[in-house]
Structure formats: C-alpha cells, structure tokens
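By letter and in written order, the chains are A, B, C and D; residue numbering begins at 1 in each of them.
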Amino acid sequence: MEVSWLHLIPLLPLAGAAVCGLLGKWLPKAWLYAIALVTVLLSFCIGLTGFLRLPEEVPIFHEVAFNWFSAGSLHVDMGFLFDRLSGALTLVVTGVGFLIHVYSVGYMDEDPGYWRYFAYLNLFIAAMLTLVLGDNLVAMFVGWEGVGLCSYLLIGFWYTDEEKAYAGRKAFVVNRIGDVGFLIGIFVLFNATGSVSFAQLGVAPLTLATASIAALCLFIGAIGKSAQLPLYVWLPDAMAGPTPVSALIHAATMVTAGVYMVARMSHLYTSAPGVLALVALVGALTALWAALIGTAQNDIKRVLAYSTVSQLGFMFIGVGVGAFFAGTMHLVTHAFFKACLFLGSGAVIHGLAGEQDLRRMGGLRKYMPQTAWTFAVATVAISGIFPISGFFSKDEILAQALHTKAYDFLTLGPGGPHLTSLGTILYLVGSFTALITSFYMWRCYFLAFEGEYRGPEGVHPHESPGIMTSPLWILAALSVLSLVIGLPEPWVRGSFLEHLNWEHFTGRLFSPPRGGPPAGFSPWPGYLVALAIGWAGFGLAWLLYAPARAASGDDRFAALFPRLRNAFANKFWVDEFYDWLVVRPLWSFARGLWRIFDATIIDGLFINGSAQLVAWVAALARRFQNGDVQRYAAVTALGVLALVYAFLLRSSP
Amino acid sequence: MRALDYLSPYLPVLILLLFAGVLCALIGAAATFLGPKRITAIKETAFECGSPSIGDSHSRHSVKFYLVALLFVVFDVESVFIYPWGSLLRDFQAEGLGWFAYVEMLSFMATLALGLVYVWRKGALEWNP
Amino acid sequence: MNFNPGDLYGVLPALLLAAGALVLLTSEVFLRPVEPDRRYQAWVAAAFAFAGLWASLAQLGDPAQPLFAGAAVSDGFAHIVAAVVCAALFLSCIVAFSYLESLRATRGEFYALALFSASGMCLLAQATDLVVIFISLEVMSLAVYALCAYLRRGKRPAEAAFKYFILGSFASAIFLYGAAFAFGASGSTRLADLAATVRSGSATTLVYASAALLAAGFAFKVAAVPFHMWVPDVYDGAPAPVTGFMAAGVKAAAFATLVRILVSGYGEGGRWRGLIVALAYLTMLVGNLLAVPQRSVKRMLAYSSIAHAGYLLVAVAAMGTSAPRADAAGALLFYLASYGATVIGAFAVVAIIERKLALSGLGDDLSSWAGLSEKHPALAAAMSLFMISLAGVPPTAGFMAKLTVFRSAIEADLVPLAIFGVITSVAGLYYYLRVVVYVYMVPEAKADAVQGGRLLSAGLAIAGCALIVLWMGVLPGSFAALAQSGAAVFGR
Amino acid sequence: MVDFFHAHQAQHYLVLAALLFALGAAGVVLRRNAIIVLMSIELMLNAVNLTFLAFARFPLVANSPMQGGFSQGHAAVFFVIATAAAEAAVGLAIIIAVFRSRTSVNVDEFDSLKL
C-alpha cells in the first residue's frame, strides 16, 4: 500500500539532531532533552501505529518520497519500505533508542558536551532508520555510511587530544574495508540487473556467478559492519565511547545491520548457496572465537563486546542456514537483552566512579539491587536458560542449523563430496559456543554482583537514579516478554499468539533456501540439549567463580548454600582439576588468540602498519615536495616526456 | 639508425661549432701562456680615462624602471595588431566589411586606451623614484 | 570572411564578466577620490557574476551552433561550465568580501581580476580553436596568478604566485608547442579540422606528439599527476577565497577544455583513452596517499583536489569509448558542479579560520581547528558536511557525483578503474574525517577561538554552499537533468 | 651530406625551434635567477613562434582547411607575442613582490611553502 507518512519516521530524529546540534548550546537543558526525546518517541509512535495497521493480505507500506536521481539508465527513487521486518526493526531502533535516550539523560547530565551527544544520538537514529526503511540498496548504503559516521563520532565523543582521537582508528580502517565491498556489490548487482531496488532485486533472475560475486561483496560489507571474523576487532575497541552508545550502536542496532542486510537480500543469498554456506561458517567461527576470548576478559564492557560479536555470529549462522526468520528473531531478542546488559554495566561503572575491571567489583547486588536483578534477567536470557527469550531464539537457530537442507546439493569442488553434514557441524559448534556463552556471562555476573566488595577504597557504590534504572526494568521486561515471538509454532497454533510467532509473522518475506526449509522436526530434543547446555554453563561458572571468590567469603557461601557445598566437598580438587584441565588451557588459549590475532596481526600489521605507511608516504612526499619550484618544473618536464613517448609508442603500429 | 640519418645534415654545423670552440680556446690559451706577465701596482690602477669606482659595481635599479619598461612593452606589443589590420583594410572594404573592421579596431583601441587611463590614474606613470 | 553580430550573443557570459571587470577598474581609479569606501565593489562584482550565471542558464536551451567561423561554439556543455564558473565566482565574491574587509585589504583590482579570470574560463569552455584556447587560457591564468599574490602579507602569497606563474607559464608553453604541431599536421588550428585529419587516417607522428603536448598542458591545469606539484604550494600560499575559486573555476574550465581537445580534436582515434586511464590511476593514488600525512587543512584540500582530478579523469576516460559519451560527459559536469560547491564552501570556512592566522603569517594547522564546534556549531556542522561530501559519503553531492562517475566508467568497460576509484575514495575518508574529529574535539584549555564579526556574508555563502551540497545529494534529479542536457552535444 | 640540401624546407627551422624550446625548458629547470627563468619561458614561447612560422611558410599538408589559409600561422604568432608580453609583465610584477618580501631573486631560496 502506498502511503505518504513513512518519511516522517527518519525525518523527525533528523530534525531533532539538527536542532540539538545547531542550537543546543544555547537551549535550556530541559528543552534540549525534550526535543531529543520527543522526536524519537514520535517516530516510535508512528512506527507502532503503522505496524499495527499493516494490511493483512500484502503487509507492506511503501512510499516514494521523491525521484532521487536518474543518471543514464540508473533510476533510483528515494523510497521507504515498511514491511513486517523493517517495521519490527523500526520499533526496536526507536524503542530501544528512546529508552537509551532516557537513560542518557541521567548518564550524560554532568558532561559539558551533552548537547553534542544528543545531536549525534538523534542523528544516529535517523541514519539507522534510513538503513532499515530504505527501499533500495543505495538508500541502505546512505544509512550504512551514516551510522558508521555517527559511530565514529560517538566513539570519539570524549576525545580531548589527537592520541585519543586515534583510538577510533581501528574501527575506521576496518569499516572502510567493508564499505568498499558493499559499494562494489551494489555496482555488480546494478550492472547485472539494471536496478538497485529491493522489490526488483527480489525477483531478478541472477546467474550463479553474478549472484555469488555480489553476495560475497555485500557480505564483506556485513562482516565489517557486524564485526565478524576477520574484521571483528574494532568492536571491543569501540567500547571507548560512552556506555549508552555502546548499548545502542555497538550492541542493539548498528552492528546488526549486516544481518538485516543479508535477510533483506534473501533472494540474492539463496541464489548463491555457496556464499550462504560461507555466511554460516563465518558466523559459527566468529561465535566460537569471540566466546572463547570473552572468557578471559576482565573489563566488563569488553566481556559484553565479545559476547556481542559472538551473538552476531549466531545470527549469521541463522541467516546462513537459510533460516532468515531465526537470524532476525535473534536480532530482535538480542537487542533487548544486550541493551539491558550494557546499560546495566553502565550503571555499575557509574556507581563505581568509572571502575570497569571485574576483579575490582563484587558484591554489588547489595548496593545496587535493581541493576543486579535486571542484569541477572538479561544474563539468563543471553545464556539461553529456559524460559526467557534468548533460549527460544538461540535454540531456533541451532535447530534450524541441525535440520537445514540448504547445503544438501552443495559439493566441495566439482564431483567432490556433498556438504550434507555441514549443518550438523554448525549445530555442534553452535551448541558448544552456547555452553561457553552461558559460562562467561555467569562468570561476569558473579564477579560483578555476588560475593564481597573488592572495589576501590573510598568509593561508595550506589544505585543509579530512577531515570537510569527505569529503562533497565523495561528492557529486562522486554527480554522476558519477547519470548512470545519465539514460542514454537505448534504450541501456539490456533491461539492469538500465533500471529506473534516470528516464523509465521515473517512467513512470506524471505526466499526459502534452495533445498527448501526443514520441516517436520520435533523441537524437543533440541530444547532438552539447549536447556542442559545453559545450566551447564551456569554450573561451570558457579564452580569456578562462586566458591573461589575470596577466602573470607567462604563462610558466607557455606551458610547460603550448604547442600551444594556438600555435594562438592572436594571443591578444591575440583577447582584445581578444572583449573588444570579447563581454565588454564582455556585462559592461555584465549589470551593467545587475543595476542596473536588482535595484538599482532590487526594492531601490528594493519593499524600500526597503516600508520607506518603514512609516515613513509610523508617522508617520500617531503623529498619531492620540497618547495623548490625548479624541481616541480623538472618533474613536470619528465611527465611531458613520458606522455609524449607513450603517445608516440601507441601511435606506431 | 633513422635518427642518425635524420641528424646527419647537421654534422657540418657541429664540426663548425667544435672548430670555433677549439679555436677560441686555443687563442685564449696562447695569449695566457705566451704573453709576458709583469704586473705592477701602477698597471692595476685605473688608467688615464677612469677614476677608482665607488661602492658595489652591481648597483640595483629602481623598480620604477621595470614598471615603465613593462608598460611600454605591453602597449608597444599590442600595437602589433594594427599593422596587419592597416594593410588589409582595403581588402575588407572590398568585401563590404569595412565598417566592421573599423569598429573592431576602434573597440580594441578603446580597451587599450582604458588600460592606459587606468595606469595613468593609478599614478604608475609619475616618475619619482 | 563573414561576421555575424549574433555570435557575440553566444559569448555573452564572457562579455558580461569582462565588461564588469572594466567597470570595476574604471570605478577604482575614478570613484576613488569621491567614494573612499570600496566595499560596493564586491557587490558590483557579485552582480556581474550573477548576470553571467543568468546569461549562461538562459542560453542553455539554445541549439548548439558554431561561433566566429568555428573558433568557438555555443553549446550546452559550455553553458553548464560557464554556469558553474559564474556561480563559483558569485560565491567567492561574497566570501572574499568579509575576508578582505577583516584584513582591511579591499581594493578594486581583486574583483576585477576575478572577473577577468572568470571571463577567460567561460571562453575556455567555448573555444574550439587552439589559438583561442591559448588566449582564453592566458586570460584566466594571468588573472589567477595575480590573485594569488594579491594579499601582500608575508612571504607566502607572493611565493605561491611565483611558483604558480613559473610552472603555469611552462605548461602554457608546452601546450602552445603542441598547438604548433597540430597546426603543422593539419594546416589549421581548428579542432574540427584536426579531427578531420585524424579521421582521414593520414595522421602522422606529429599529430600524436601534438596530442601529447596539448594533453600535458591541460593535465597541468587540472592537476593530474605527475603535473600536480604546484598544487599544494599554491593552494597553501594563496588567500583562501582565491584558492576556493581556483579549485572550483579553473578545474571546471580546464576539464571542459581537456574534454574538448581530446574528444572533439582526437576523439575518433581513441588512442588517448589508455593514457588518460593511466593518469587517472596515478592521480587518484598519489592524491589520496599524499593527503594523508597533511596537517594543514589547506594543503590537505590541495591534495584532495588532486585526488578529485583523478575521479574527474575517470569520467574523461569513460568518454574515450564507443559507450554513450553523453552519460560520461553528464557525470563530469555533475561532478564539477558538486565539487565546486563543496570546495568553495570548505575554503570559505578555511578563510574564516585563516583570517586570524594570516595576520600572524602562520600556516594553518589542524590544531587550530580544535573545538570549533564549541564556538560556532553551525560553522562546524557546515565544515563537516563539506568534508563528508568530499569524501563521497551519502547523502551529499559528493556521493552522487562519485556514483555517477563510477557508473559511467562501468558502462564504458572501465571496471577496474571504477573499483580502484571506489577503494581510493573510501580510503580518502581517513583524512577528511580527521578534520571532522578535530572540529568536534573537546578543546584543550587554550582553545584559540575564531573571533566573530563580519561573518555574515561569508556565512551566507557557506550556507548557500551547504544547501547546494545537500540539495545535490538528496534531490540530484534536477541537477542531473541539467548536466545531461548539457552533455547531450557529445551524442550517444 | 646530399640530404642536407634536399630535405624538407621546414626541417631546419623545426630543429632550431626544438633546440630553442629545449634550451628554454632547461633554463627553467636549471637557472637560479628568477629573471632568467622568466626569460627562459619567453624563449620557449619564441621557439613555438618559430615552429608556427615554419609550418606557415613551408606547409606539410597540401592546403589549409582554414579561411585564411596558412597565414593563420602568422596570425597565431601575433597573438602569442602579445600574450607573452602580458605574461612577462605579470611575471615581473610577481617577482618584484617576492623580492620585496625576501630581497633575493634566487629561485632556490623560495621555499617557505613545502610539505
């Protein structure tokens, strides 16, 4: 259905950003907050109204805002597409965005640059909405670049000198690689089909080669934006920005853009099954890799950052096995619980006067109970413990991976073996990752909130003000409530919940993979395994971190949980065993991974390498550009000679 | 080979140049080596029709010289267009373009005159170095 | 011999601008005793620039026709370039007004010289005869040399002008030598006759030597590597409003002429395409690479102008194939317009920063930009907009321009060139965004603020540029249509 | 040796012009004095004039497609001379401006602008 109000959704935050950015310095604080918050809220309301009124038969709102440009045979309309997927994401972006705005009012209140911060934040939301709602690849790219720009600005929000400004360099270099891939992908698709709009790309017949190249290029973009192997390294460093920004951009919205893009281009990716397998493989490897590294981090925000990378890997497994609904469902649920976790960590950091080291926390549940409870709820969600949302969405991905038929006809090289077992491998890797995920998230929770306070002397941990805790509660509630979209279809068939079921809800949006969707499997075995895994991770964390906390905390522990203590009477032996068998190797392995890859290859070769390249270029330029006009003339003369020679060479047959 | 063929006509010129150069060098050398050299204080002084020079021999000219010289060159060179015009005026007239040619030259002269007026009013022609 | 007075109408923009220059020169010497306040001159100049803009746009619909027995031509391509030049002049006059006023350096010659050079640019875009091209080139260049040296403060402007003059004259001589060869080979200085000689197949070595020399002369003017060495020093030393005008106007006129010479003069042979492709590769690489270590914003913009010459060369190279030339020409025109608007805006902001530095004789450094957003949020926002437009990030004019240029390259089967362009342009974000970071950086304690006052006119120009940049980025349709209509002369 | 008298008539002029042009270019690149650099540029322009005149007087092609025939080459020389004079004027003015700020016309001392 053609409508004329869609443009308001991104336009309102944009207007808010313009007002905040240009006039914010002179506006009273209250006005500025009101403008920043109300524009986002209005966007949310418009999105919600639209979402509820989506027509049943063809659930699409479409608006051609204007004829954007036509250059030669390329005609692009700036249009907005509001269907069930982009609609849901609009709600997530504006909803979570609004909550984070509210939270930021408390968090940034004392910062002198608060007006810039809110301008950036609004600009980010406008760009993200453009990304989500754009009805063609170029519009998506507009948003894609816009969110990258805002992210760069917001990471650098607290820069006071150049040294710190270059902290964002890694994010920058890495993201540019992805952007090149994305742009080239657009060009390839345009060259092949003559169009860039999703509507036409969604039905365009593509040869396998074209589809594969385009899908690969676009996926490079997704790898950069969504922090997958080998370009994930910028995300942990991006934690230098304010915590609410990490929550919004580096957890809930921007980094999921890659997943969204792959889902949006489902027709392309199902036409290129090889690339689809690569997507799943990269996702699985990243999930495992980041989870392993996450176990060895002591900075609370870095733990969450690696967990984000890992969860994004899960989403890519989902879309990569052709279960686009599963990947996007995890995207939505993850947005809630990860935002909640990040905001919780922000409250902790806020309450501890800037302390981020898990080893110097502990026992915070006593001081900030609201933060602790909401953090716990979100941890339950991410570790996939029944019955909170993460359990269903993560298990859906794993179940789809196990039963996928997307690779049945794929072979390794011509005449090579069929890749039928790839799905099973993905399942096993994913399940193992889920175990580690549960482990390190609980470790994080225990270290931060349980046991004795080990924090810095003189700091009195305190609960955050209500304006910061209320978003936490809402997000925790959403983490729980969003389980309804993940309930298996047989459970809800016939009831009103059926409409909310994500698979049912997005049913006609995605192209099925070439082997067809898996059908007729029972969810129960998967659930049982997942349940076991979730609790196992919890147990492992408990064994290692609950008892070993502090020597003086032992008595308290015994008093609280005597039975458990008896069950593990030999706990020191267990500790040592685990330490020797699991923790030490795991720790050193994880450290090693981090050192080899992040520190050496990426930092050394890539980031410092580019710095050295710059220095080298500067030295070279200084040799030539030495201010001597006659040297310039000599170079010019040589250029003329070369040009004449080249022309004559080409002219002689 | 082609390049050599092409340049071979210039061999005589080259020989001539070489010959002239060698001859100059020879004569100079001969004068230096063969001539008697007995330098006295009297011989080093300015002789009969000169007085000892005062100050740097490379004195600097005032910028005004450049200015006037340049203005002269510019206006002088522009007048180069008038000669061919004058010699062709009758042909123009024969073709019925006499008035056009006249107006054309008039506008050219007017523009030049405007330049002259500008230079004049700017005071570039006033001589006070 | 024949003469059609209507031909003068064809060069109306150039005539208007030249007349404006004469008016200003006369008023400078005659009105001076009566009216010592010379601020009116900026507005007179702007009015003539606007008239030129209006005239070139009014002629846009006219059918293409040769003027003065084929020495020049009146076609859409030339009119669009003239419109870009006049618009650049108009905005630069407004920027220069506040700049010169605050430095107390207003003199009539400034605007007269600017008008003369713009007049040369307009003619350059129309010329189809090598001698006419040479004369227009010199009218443009001599005035610009003088403009560079205009600000008689410190060593830098005069030195920049000297370098520009020496190298520019050197390049002019090389161009002229090529013109002499072309005359020898075809017996004519008209591009059309040259094309006939090339087409007849009797092209000799002389023809190709002339093509190389002519191309080299204009490769210098457009700042293609390896003829780019003058750019950083000249851009750095010249007053910022002049630099902006140069970057926008000279580039537009020089590219228009380069296209005319190569396509109208040597088009059929098509042998030049490979060399332009090579120049484009080299220019994009060197321009982007050398911009990275720059700490002076002006020098960075100078190298960025080299890089942009590379992207424009991509469009020129795309005109060297049998693929629809009009598309590539349209892309070229669109790029010139968008680059002009962006770079004039950027240099206008630089001018505001520079006014203070010029008094102390310092070059600008990134550190003097720190914390601009605290004092002047709008200025900071505009500068950021120009930077991301130069970097080619949507939704700005720069992105649209790059998109159309690369697309035309792909249609002309220059896919590797387009991909290389995409990669280098994305790499270019690095140094553009560094400016943005500085602008929005929390200033250190001693943040030296830019003083206000007399910002209004420069501010207006900056706002106008920003508006155009956004407009061309968000609603490029009408601009693209104009560019296409102008490019139609190059045929399908 | 015989070729010397039977080659195309324009050849000698062209070779001389090329030599002059190269000398001028070498002067621009090598000479220290700014005035001499300027003179070298004028030399290059005059070399071009000689080339134009050689082609106009001894054409390589049968007939010129232009209205004025080969005399257009002569006309071109007029324009070049006039332009060269203007160029020299501007050049000298700029050199004087530089000289004022640093009292030297040695080109290799003009280096306050560099990377």
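A few comments on the model shown:
Everything below uses one rule, namely that contacts are C-beta pairs under 8 Å (C-beta built on N, C-alpha and C of every residue); 3 or more make two chains touch, one makes a residue touch a chain.
A quick note: this is a predicted structure, and the numbers were derived from the prediction, not measured.
Two chain pairs, A-C and B-C, are weighed by contacting C-beta pairs, with A-C ahead. Using mean Cα coordinates as chain centres, the one most removed from chain C is A.
Chain C has its Cα centroid 43 Å from the Cα centroid of chain A.
Annotation: 36 Å between the Cα-based centres of chain B and chain C. Separating the CA-averaged centres of chain B and chain D is a span of 14 Å.
Taking each chain's centre as the mean of its C-alpha atoms, chain A lies 65 Å from chain D. Residue positions of chain C touching 2 or more other chains: 1, 162-163, 166, 170, 174, 232-233, 290, 293.
Annotation for chain A: residues 618, 621, 625, 627, 629, 633, 637 touch two or more other chains.
Annotation for chain B: no residues touch two or more other chains.
By the definition of touch given earlier, these chain pairs are in contact: A-C, A-D, B-C, B-D, C-D. Those residues of chain A that touch chain D in the complex are listed here as 618, 621-622, 625-630, 633-634, 637. Across the complex, chain A meets chain C through its residues 21-25, 66-74, 78, 112-113, 116, 138, 141-142, 145-146, 149, 152-153, 156, 158-162, 165, 168, 172-173, 176, 179-180, 183-184, 187, 190-191, 614-615, 617-618, 621, 624-625, 627, 629, 631-633, 635-640, 642-644, 646-648, 650-652.
Per the touch definition, chain C reaches chain B in the complex via residues 1, 3, 22, 25-26, 28-30. Per the touch definition, chain B reaches chain D in the complex via residues 5, 8-12, 63, 66, 70-71, 73-74, 76-78, 80-81, 84.
Of all residues in chain B, those touching chain C in their complex are 92, 95, 97, 100, 111, 114, 117-118, 121-122.
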